[in-house]
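There are two complexes below, and they share chain A, which is joined by chain B in the first and by chain C in the second.
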Partner chain A sequence: MGDYYVPAKYLLSKIVNADILVAPFITAKTIELGSKYSPDFVCTPFKYTLGTMIEALDNGANILIQFGGGCRYGYYSELQEQILKDLGYKFELLNLITNGKANVKRIYKMIKRIDKKFNVLKGLYYLFITIKMVKYMDKIDDYIRRNIGFEITKNSFSNLKQEMLNKFSLVNNSISLYIMYRKYFKKFKKIKINKPKDCLKVGIIGELYTLMEPFSNYYLEKELAQYNIELKRFTNVTYLLVNYKKINKKALKKSKQYMKYQFSADASSNVYWTKYLCDKKYDGIIHIKSSFCTPEIGVMPLLDKIANENNVPMIHFSFDANTSEVGIKTRLEAFYDMIEMRRK
Partner chain B sequence: MNCYLGVDIGSISTKGVIIDENNNIITSSYIWTEGNPVNAVKKLINILKNNLDNKYIVKGIGTTGSARKLIGLLLDANIVKNEIMAHAVGTLSIYPDVKTILEIGGQDSKIILLNNGIITDYAMNTLCAAGTGSFLSSQAKRLNINIEDFGPLALKSNNPVKIAARCTVFAESDLIHKAQVGYKKEDIVAGLCKSIVLNYLNNVGKGKNIKSPVIFQGGVSKNLGVLKYFKEILNTDVIVDPNSHLMGALGIAILAKKNSIGKTYDLNIQNISFDTKAIDCGGCSNNCELLRIYKDNKLIDIWGNRCDKYIKN
Partner chain C sequence: MKIGLPKGLYYYYCQKWLYFFKELNVEVISYDTTKEIIELGNAIANSEMCLSMKMFLGHISYLQDKCDYILIPNLQYDYKNQMCSNFNCLYDLVNNFFKVNILTFDNEKEIKNYLKIGKELKFKTKQIKKAYKIATIKYNKELKKIKLENMSKLNSINKKILLVGHSYNIRDKYLSEVINLFKKYNIEIIYSDLFNDDYYFYLSKELYWKYSKVNVSSVIYCKEQVDGIVFFTTFPCGLDSLVNELVMRKIDKPYLNLVIDDLDSLAGMETRIESFVDILEQN
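And then the complex of A and B:
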């Protein structure tokens, strides 16, 4: 999912003695494979992850790690395991989360099975570093999103980010990681940008997989940056791993007039964030999801209501395995024209 | 005298308008695209050229519609814009106080909400073409009715049959069933017109605050039956301009005027050879479908690439 393979690989390579294969980058072939063996009406992340699993198995992986929960995703790993076994693949699937909960003892047993010499303290230590790494990455990403639309030299942000990720994967302790992070943050701030004070600002919310895997949203953020827009996205791995409970609780409290109970997955957070973006006077909100994403479909009327009340334009995108790219571009272009016209 | 050309290349029809400095239409044309936008535009430009007085010089060209990018290259247009902007600008030039624009075209339909001449909200149909012009014309063919007679026939009915409006496929099976059990043709036609309206309001117009003045345009606006049910269901007057089918082209012509770069255009494009070749890249597992575009046998652009690998080689 996006660039998060870096910390994931880092953690695994540090704590267990096994060959870690990074799943190949998602391409058109991934989704073709995934859709071929998936039920047609399942949501798109299922198809992407299944396609990725097949590609990884073809590359020689024999242990797959999957975790998920919150919505239908909670039982995807069982279903995917069955589909892959029916296809004749031999492998072991480690599902870190069952019944919507991460059982520490069970995970420990699983890791012990991969590597008998696994040391708990060492594991916790590197888990701590990895979480820090994710946090730093997300902070940098947030900065990039705000400024990439205004870069003067093309690709200066993405090149530097790649360099930073390479450096990150080599660190050994949290202090050197922190130093590296500070160093690169400064470098990012030095990149020359041409940003007007009153630039257009757009917030992106929605379902997490579609938000975080750029291939699955047809490089929406890249497309938007071309229009010189400052972007804000809340959903990232820091949110999922660290802040999920906190933000959901806050969402329920702050959005009392809109909802009484919590929606599943990230839907309640999206309600809260919509309100936040409206209050912060953003020029527009883009809500994206994969087709058939139940929690997000449920919350859409509510999001529309909030946007309407605050007079902030909102556009919805639903991505499937074969969505017409031209259609998306037309709608995005029109959205940009509209928010620019409203500004005037 | 200066004039400006706007071309709107839709899936079904291709529209062209030439305007003067005061946004008055000098000449216009409306022909079928027939699945070949390049040929259609060549034909269209020829018609427009023959109708244009010699005293006019073309100072700007704009393209819109689903083939806007391709034709923009062919005509060397100074502006290429999406249909929403074009329709809004075109309509505003005639009805400055418009609040809602309903548009139903060949394969897409949209709603545009405006306030004080500014687009405040819009929506377009999503993946499927349910409830658009192409559905109507295919059903007209099935019932063996000329699409031009569709509207007048619908007006004769006092009792439109109920047709499932959500999805074209369901609507079609409903329609066949109703025809087979013996409903009159005009009742079925009227039911179809009504189902288009309901489909549009449920899908595209969902949750939108439709305020008058309401303007209805696009090819389907010429259908009197659909217009009747829009008026009936929205319970307000719905205006259809005599040039409602040309609004997109008019809008893009106005935008071409605003963004004119002072270049003078020649409308002699009959002899330009314009060709496209599709190949699969094969450079990685993305296997992008590349479209290479040749103008006078010279490669001028490549589309469909996700990276620069192919172009570099």
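And then the complex of A and C:
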């Protein structure tokens, strides 16, 4: 998922002594493979992950890791295992999160089998560093999103970020990670930008996977960076790992007038964020989801209602394996023109 | 006083409430699904919602000015017995888009829900408790009878099929026009939603949807005795897209997968059912 392969690879390479294959970036071929063997109306992340799994198996992996989640996502692993077995692959698929809780025993057994010298304390220490790393990455991403639309020399942000990620994967302890983070944050702040005070502000909300995997939303954020817009995105790995429960509780409290019960997956946080963005007077909201994502479909009328009441324009993008990229570009352009006109 | 109970989604899981309201002399109104109701639902619903959800919204908009209250529970059980995520947003959707009085409860303890709703309708505690007791007895008796009847079909000498689907699809009057096509072939139909959820573990270890568990264990239970299995789904059902696919890959019986989007023409369905019956008779 995006740049998060860096901390994941860092964690695994530090605690176990095995060859780690970083899954190749998702390409059109991955999707084709995935949708060929998937059921008809399953949500798109299923197709992407299945495609990636097939590619990884072809490259020689024999242990696959899958996580479970709130909605349909929790049931992916069992069906994917069956589909891959029917295709004739020999492997082991480990689902690390069952019934909403991390399966500690299973994780421990798995690591012990890969590397017999595994040390629990060492593992926990590097887990701590990895979570810190993800937090820092998310903070820097947040800064980049706010300013990338106004950079003077092109690609200066993305180049520096790549450099930072390379440096991050070499650190050994939490203090040097912190120093590295401060150093690069200063560097990011030094990049020259041409940002007017009353720039257009747009918030991005939606379903987790499609938001975070750049290929599945056809590099929407990259596309948006070409316009002079300040972006705000709430969903990141920190939200998923640390803040998920807190935000869901807060959502119920803060948007009482719209919802009484908690919705599954990210739906209730999306209601809260929509309200937040409206209250902060953002110029537009972009809602992204994969097609057939049930929790999001259920609340979409609600999101529309909140946006209408506060007079904030909202656009929905539904991504499937065969959405055309040009269509998205055109709709995005029209949306940008519209919010710019409203300003005047 | 009139209470509306839309015949969609949770209606078939809330049968006990019908006995309860009957005991308290409260009139309950609900209508069978018609084409008109589906069209009403289509006008309100998001285009990507499943047909069952559209039907539900249609029922609400048909009922809204015909009754004083509408009963919309928020059915939520523990983590291992989840409902489809659509069930969680029913209350808030109706509350935001219709001007109706809603009676609602969320599952903590059954008796608490009955007391809550009863008090909102201004009945006394004693009355409510008595009505609840009688309703429980009557409901259990009725359920036992239906279950036995369903089971006894397994011993019939005719060809038998197991109909796998959610209660709100296979028991719906409008959708079951498709199922009625089987009747002229003299085939016994066994419903999957009248079984216990004891056996799902043999087929799928991580399954966590309450009513999918029932369906899967019915497949395990009847696998040897029936001649074929029919999967009955509305488009695009989230749970069935995964669970049915897994079941289809693991069983070695002839099966038919019926996915229903619109019931404009039955001719296509008729052909598929006819050829499926042919396969059954050749075996």
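The rule is simple: the second predicted complex is superposed on the first by the 344 of 344 C-alpha atoms of A that agree within 3 Å, B and C clash if a C-alpha of one lies under 4 Å from a C-alpha of the other, contacts with A are read in each partner's own complex, and residues count from 1 in each chain.
By definition in this document, a contact is a pair of C-beta atoms (placed from the backbone, for glycine too) under 8 Å apart; a residue touches a chain by one contact, two chains touch by 3 or more.
Treat the numbers as computed from the prediction; the structure is a model and nothing was measured.
In the three-chain model built by superposing on chain A, chain B fits alongside chain C with no clash. When the shared chain is aligned, chain B comes close enough to touch A:Asp337, but chain C does not. After overlaying the two complexes on the shared chain, residue contacts for A:Pro301 are found with chain B and with chain C alike. By the touch criterion defined above, A:Lys29 lies against chain B but remains apart from chain C after alignment on the C-alpha atoms of chain A. After superposition on chain A, the vertex angle at the CA centre of chain A, spanning the CA centres of chain B and chain C, is 80 degrees to the nearest 10. In the superposition on chain A, no contact is made by A:Ile205 with either chain B or chain C. Of the two partner chains, chain C is the only one that A:Tyr258 touches; chain B does not reach it. Once the two complexes are overlaid on the shared chain, A:Val326 sits against chain B while remaining clear of chain C.
The partner of chain A that touches more of its residues, comparing chain B with chain C, is C.
When the two complexes are overlaid on their common chain A, residue A:Arg72 makes contact with chain C while staying clear of chain B.
In the superposed pair of complexes, A:Pro313 makes contact with chain B only, with no contact to chain C. Of the two partner chains placed around the shared chain by superposition, chain C is the only one that A:Gln82 touches, whereas chain B remains out of contact.
Between chain B and chain C, the smallest C-alpha to C-alpha distance in the superposed model amounts to 5 Å. Judged by the document's definition of touching, chain A residues 301, 318 lie at the interface with chain B and also at the interface with chain C. On chain A, the positions that touch chain B within their shared complex are 24, 27-30, 301, 304, 308, 311, 313, 318, 320, 323-324, 326-327, 330-331, 333-334, 337-338, 341-342, 344. Across the complex, chain C meets chain A through its residues 44, 46, 48-50, 53, 74, 76, 79-80, 82, 84-86, 88-89, 91-93, 95-97, 104, 106, 204-208, 235-239, 241-246, 249-250, 259. The touching residues of chain B, counted against chain A in their complex, run 66, 81-85, 118-122, 124, 126-127, 207, 209, 284-288. Residues 39-43, 46, 68, 71-72, 74-79, 82-83, 86, 95, 98-100, 258-265, 267, 291-292, 294-295, 297-302, 305, 318 of chain A are the ones touching chain C in the complex.
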